[in-house]
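Report on the following structure.
As written, the chain order gives the labels A, B, C, D, E and F, with residue 1 at the start of each chain.
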């Protein structure tokens, strides 16, 4: 196993997006995010699976890393002298994520207990963008933890150390959630949601989606247009029992299979139809859409 | 990451509000709180999201820090010789907050276990105002813990140390809860609630709210009046499915976006409409209100 | 923070009531408690919130501290030579209170684990009165723990030490519960409740309550009579949706506010009406009672 | 607190009943228990609260401590040369009792972890009678733990040590449960219950109960007969909403109060009526019975 | 307590059945088990309480310990040279049994953490027969743990050590469950159950059962025939509310009591009727059967 | 116990399939998997119990270990120079599998806490194929953990170390689940499932299955054809209450018993009928199928 040590690891607060992520804006979301960042407004991203919420945050983290004084007046980012990097901390929320997982904990080490900051404390100190993905999945203690960070106080109390941490100027809190999953049990409480400016993200329009699929999968323009058309049509199958529309990612998967020689219909079956649903009737509906496009 | 250590932290019991918080009283709440403080009566703040409960406690903590002998007769606080500071400990309650989180715990350190006071024990010792935000969210052990602190005993038993702590003279317990969330499962038991004087807080009247929005967001007086009007009208949409009225904070967010050049309708959409609700029909109702104001 | 160390703490078993608590007996409860104490009968106090269960136990703990030989024949306690103190351990039960919280646990300390007695073990050893407040809230392991202490054995098995502790002569177990909260889930099992002599406590009659309010709040006799009348009338509002009657404590709060210059109607609103209920209709009923008294 | 260290403690396996407990047999339960003990048959005691299950086990533990060869032929125990003591380990089961609580656990001590036997392992090694009171309350891991101890194997596997313990000859397992509490959730599984010989215990007949009450409370014979009559009559109130009959213990409590000068009706009210039930209507029924006896 | 150290303990993997267990085969179960063992097929034993599943596994463990080359051709086991022992690890499953309980865990010991194998890892290494009794009671992590041991891989991954253990040739997994307890919540998943050859065990026929009862209890042949008849008849009472038939063990208990002089009817009442059920009507039905046999 | 140390263990990341697993492809699943591997597409295997999901992953792990440059153009794998091994990490998911179980944890060792990688971190570093079997059984924190590994980021954040791990080139994530078990509670969220290319696996056709049974059990071709026929027919009994079809494994078990001399009908009864179901009526249906084949 010679290649066993052949991997890369970073300290979380040094994880800075180095290359410009491929992102095609749908509307004014970039401008709104920039103003929110400059005004310390926390941002809530709403939208279904596969609308590029993670990609958007990565793009903004890269983009905002450029000189801040140029941000609002000059949006094309041409003046690139003295690049300032903004780390991005992404935390996928789930119902077992504890407050300690976010804030930090004591570890026993030799003769002393050593405090280890959690990702949120690291982000608060480093002035990072902290992205809590699918915030409604988090336990209540996690949700409540971010309250003092999202009002005029901008502090993070670390109860176990009896300490209060003031957020670094560059710190920005971004959370996301999928209103489609919204339920009585898993809803954002108003005392939490009224702390965020909200952006609703949607699937990109067909022409944009075709450009994304082509860029990411390497298929021809014609094929990418066909796949984007498939995406659009499949999203109209909601009344046929398809719980959630197909995301751009699955179209890219299909493209990648096609680019490696798999027949388009078969590629769409394994990357779209079967990936989307287990229901045989719904599968037939999706396959019909596939067949109507790749005759 | 040169700026990484560029943050500020305090011991929790040294967190004293240094600048006078901007607070505009709605009624006699300041006078009532001052009497309660001088008489050692615990205070329960009731009210919906965004009525400024946290801000009010911060203001009182700042205000009561001035010479106590002047408090009741002279409310303008002009005589500022020998400022006395009262720390404020704010604890956001949640269902995973344990009694140990509040009282303290033993930590292993080298050859000895060291006791670390929790925020409540720190507040009891330091004579701080201890604010338990959203008390009904707390676990039962937390709720019960405050009983001996809220009657004539004013003690905090620390079972793990076999110790009883008498509260410092200046110690004051303040709790808040939102009756709108009240349910069979999450209600204050009578044995708890009959230990507090209760203040019901409401959204500020439109003229007051306009002054707050103007002060906090930097928009013009005209714009702040329009935003306060939006707040008032949106709160009347309860019958249209809007679970909870818009808080002042979201109006300030809209103001901040407008002040940075975002068009008022768009600013209100992302800061008010989308932030308030995911329901498309309710969103349309709110947007109509927005459009009727920003024609 | 010069005054930070300016607090008092006791070892729990040294917490002895030093001054005679103000207690006005309603019936023969003092005599019955004294016999129970002398006969080693555990006592169950039943009654709604605010009927002074905690105060009664504190009073008995103080009273029984006087020479035991004089107790039954001579109830005025005039012969005070050689005062014997009986510590009081009060434990507020809740659903997260574990058996270890009561009995004790091992703590790691340097090279050894040190055993730390819990409050029940301390009480058993010190011959204290141990008061388990709201016993039905406790977890089953806690409830079961007291069984061998409440029959002829009077022992406390400490399983983690493989040890059996015999109770000190002066040890007395007192528990309380509020039958109003009684439910299928939170009921005392017969195997537990048939171990106690039971005293049912009620709200004091109006004349007694007026004397208590006057003594504790410092209002005039006339005002205290009015407040006691308010208490009596408000308790008759049960059919109007008032889940539980107002306790004496809230009347004292109202008195304290009035004594500091707050208008009686406003004082009763914040200390009684709002403290009792969030229901606007019920609040109106209570306010009507207030207005009928303080016209 | 000079008397603070003035208590007695034993190692659990040295807890031997020293004085003959006062026990009046109702039928052939002593003989059956003796045969079960000599044949290594585990015993299940069934019966409602207050029928003396604990007392019976204590009596048998004392009785069986006498020379075993004399046990069956000669029941009066006159030949007392060479007393052999059998320790009794009583464990009150509850839903939080873990297998480790019974079997043992490792404790960290200085440079080594030390194993500490739990009460069941101690009983298995010491040849004690191990009495698991209210076995149905125990968690499933506890119940399953006793299986290999109750068949021909008579072993206790200690998984954490990778060890198997063979039971000492004198070891006997006794469990109890109250069929009245039996429910779908809390029932003995057949794989458990078919491991025990079962004895059903009932409240003693009136003449026997009178003798017990007289012996334990010190009241006159006449009074004890009256109290036994109360017990008998109160047990017939089941159709009047009295969930469970009054146990002998409460009658003894009433006797003790009467013996110290409390009036019989008042003594029965606090020791029987109020102790039995919170339901005012049922209380009236019990009080009527009391009044009919103590006219 | 001189006899306190007077007990025997084994390392679990040295627990080998030394004496031939008394086992009377009902059908070809011995042959099927032998083939399964030689072919590494895991075995599932199904059957109600008291059909001797544990005894059968013990017998097979003893029997298979004889020279393996002789196993299938020659079933009488006459050639006993060079006895090879196969340890038996029995684990009673319950809902709190964790994967660590089976696989092992780290223990802190002085300056190092020491790994301690759990019973399953010990069995895998020692080539033991590992018997998981009542497998459906186990938590899901336990059930899943045995998957790689029951297919062609025959490995046990020890995640906490990052290690994979290959099973010793002689290792055999046997599980049991009682289909009568089968419920939606506690059922064997198909992905688990389709890994076992299944043997359904039933109560032995009357003549066989009589021989077992006689051998184990020491009663006369006539009495044992009567008891076996009781067993057969009681099993036909299922329609009379008897949830589960009487197992052979209870008949043996009755026999042991009779052999020590207890009257047959009384012996059957405490060992069969009361042990089987708490329902008085069902008890009457069983007693009738008893009386019809022991007139 | 001389043979006690006679077992084999590997470090998990050195567990490489050494011999070519016997795998007969049903369709183009091998080609699709190879493309997915080369394109870093995560793979989801769907299908009922016993369709060979684990075997397929093992086969692909062995096959992909051969020189990667030859993979797609040349599928017969004839050119075997310079074998590259790809370890396989199989993790059986269950509801108690924590994120720490997968990622790693700190262990105390002497004077330092030592970090121990979990199986997922080991796979990420070693470039292994990581197979999460029955992913829907996993807790939410486990499911969410794999998100950043399954998009363009291919990173594994290790929160407890404040570290981000980039996946080795050869790392591939494969998950499986059984749509038949799909329920409201245990379903793959769309945000998870839209990260995988999906392959639906089915029971092999009869001729293929016969070849597998013959190869694995050693029965004659005729017998293996008969057993495959049994498999096919038994799968048609779904309408007769057979929840899930018989997997190939059970047919192999039957074959192994037959090859060792057990009569075919009896072999099928214990290996198929009883293994499949406890329902007597369904058992009769299966037995009828068995009898119609083995007349």
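The rule is simple: a contact is a pair of C-beta atoms (placed from the backbone, for glycine too) under 8 Å apart; a residue touches a chain by one contact, two chains touch by 3 or more.
Computed from a predicted model, the values in this text were never measured in an experiment.
S.K.: If you average the CA coordinates per chain, which chain's centre is most distant from that of subunit C?
M.R.: In terms of C-alpha centroids, the chain at the greatest distance from subunit C is F.
S.K.: Do subunit C and subunit D, two copies of one chain sequence, contact each other through the same residue numbers, with over half in common, or through different ones?
M.R.: Different: when the shared numbers are divided by all numbers used, the fraction is under half.
S.K.: From the centre of subunit B, which other chain's Cα mean sits the farthest off?
M.R.: Centroid comparison gives E as the farthest chain from subunit B.
S.K.: As a multiple of 5 degrees, what angle does the CA superposition of subunit A onto its copy subunit B give?
M.R.: In degrees, rounded to 5: 60.
S.K.: Cα centroid separation between subunit B and subunit C, in whole Å?
M.R.: The answer is 31 Å.
S.K.: By the touch rule stated above, which residues of subunit D touch at least two different other chains?
M.R.: Residues 13, 108, 111.
S.K.: Can you list the residues on subunit A that touch subunit F in the complex?
M.R.: Those in contact with subunit F are residues 1, 3-13, 15, 48-50, 54, 90-97, 101, 105, 107-111, 116-119, 122, 133-134, 137, 178, 181, 243-244, 246-247, 249-250, 253, 256-257, 260-262, 266, 270-271, 274-276, 278.
S.K.: For the complex, which residues does subunit E have touching subunit F?
M.R.: Within the complex, subunit E touches subunit F at residues 13-14, 28, 31-32, 35-36, 38-39, 41, 44, 46, 72, 87, 98-99, 106, 108, 111-113, 124-127, 139-141, 143-145, 147-148, 151, 157, 159-168, 170, 179, 182, 189-191, 193-200.
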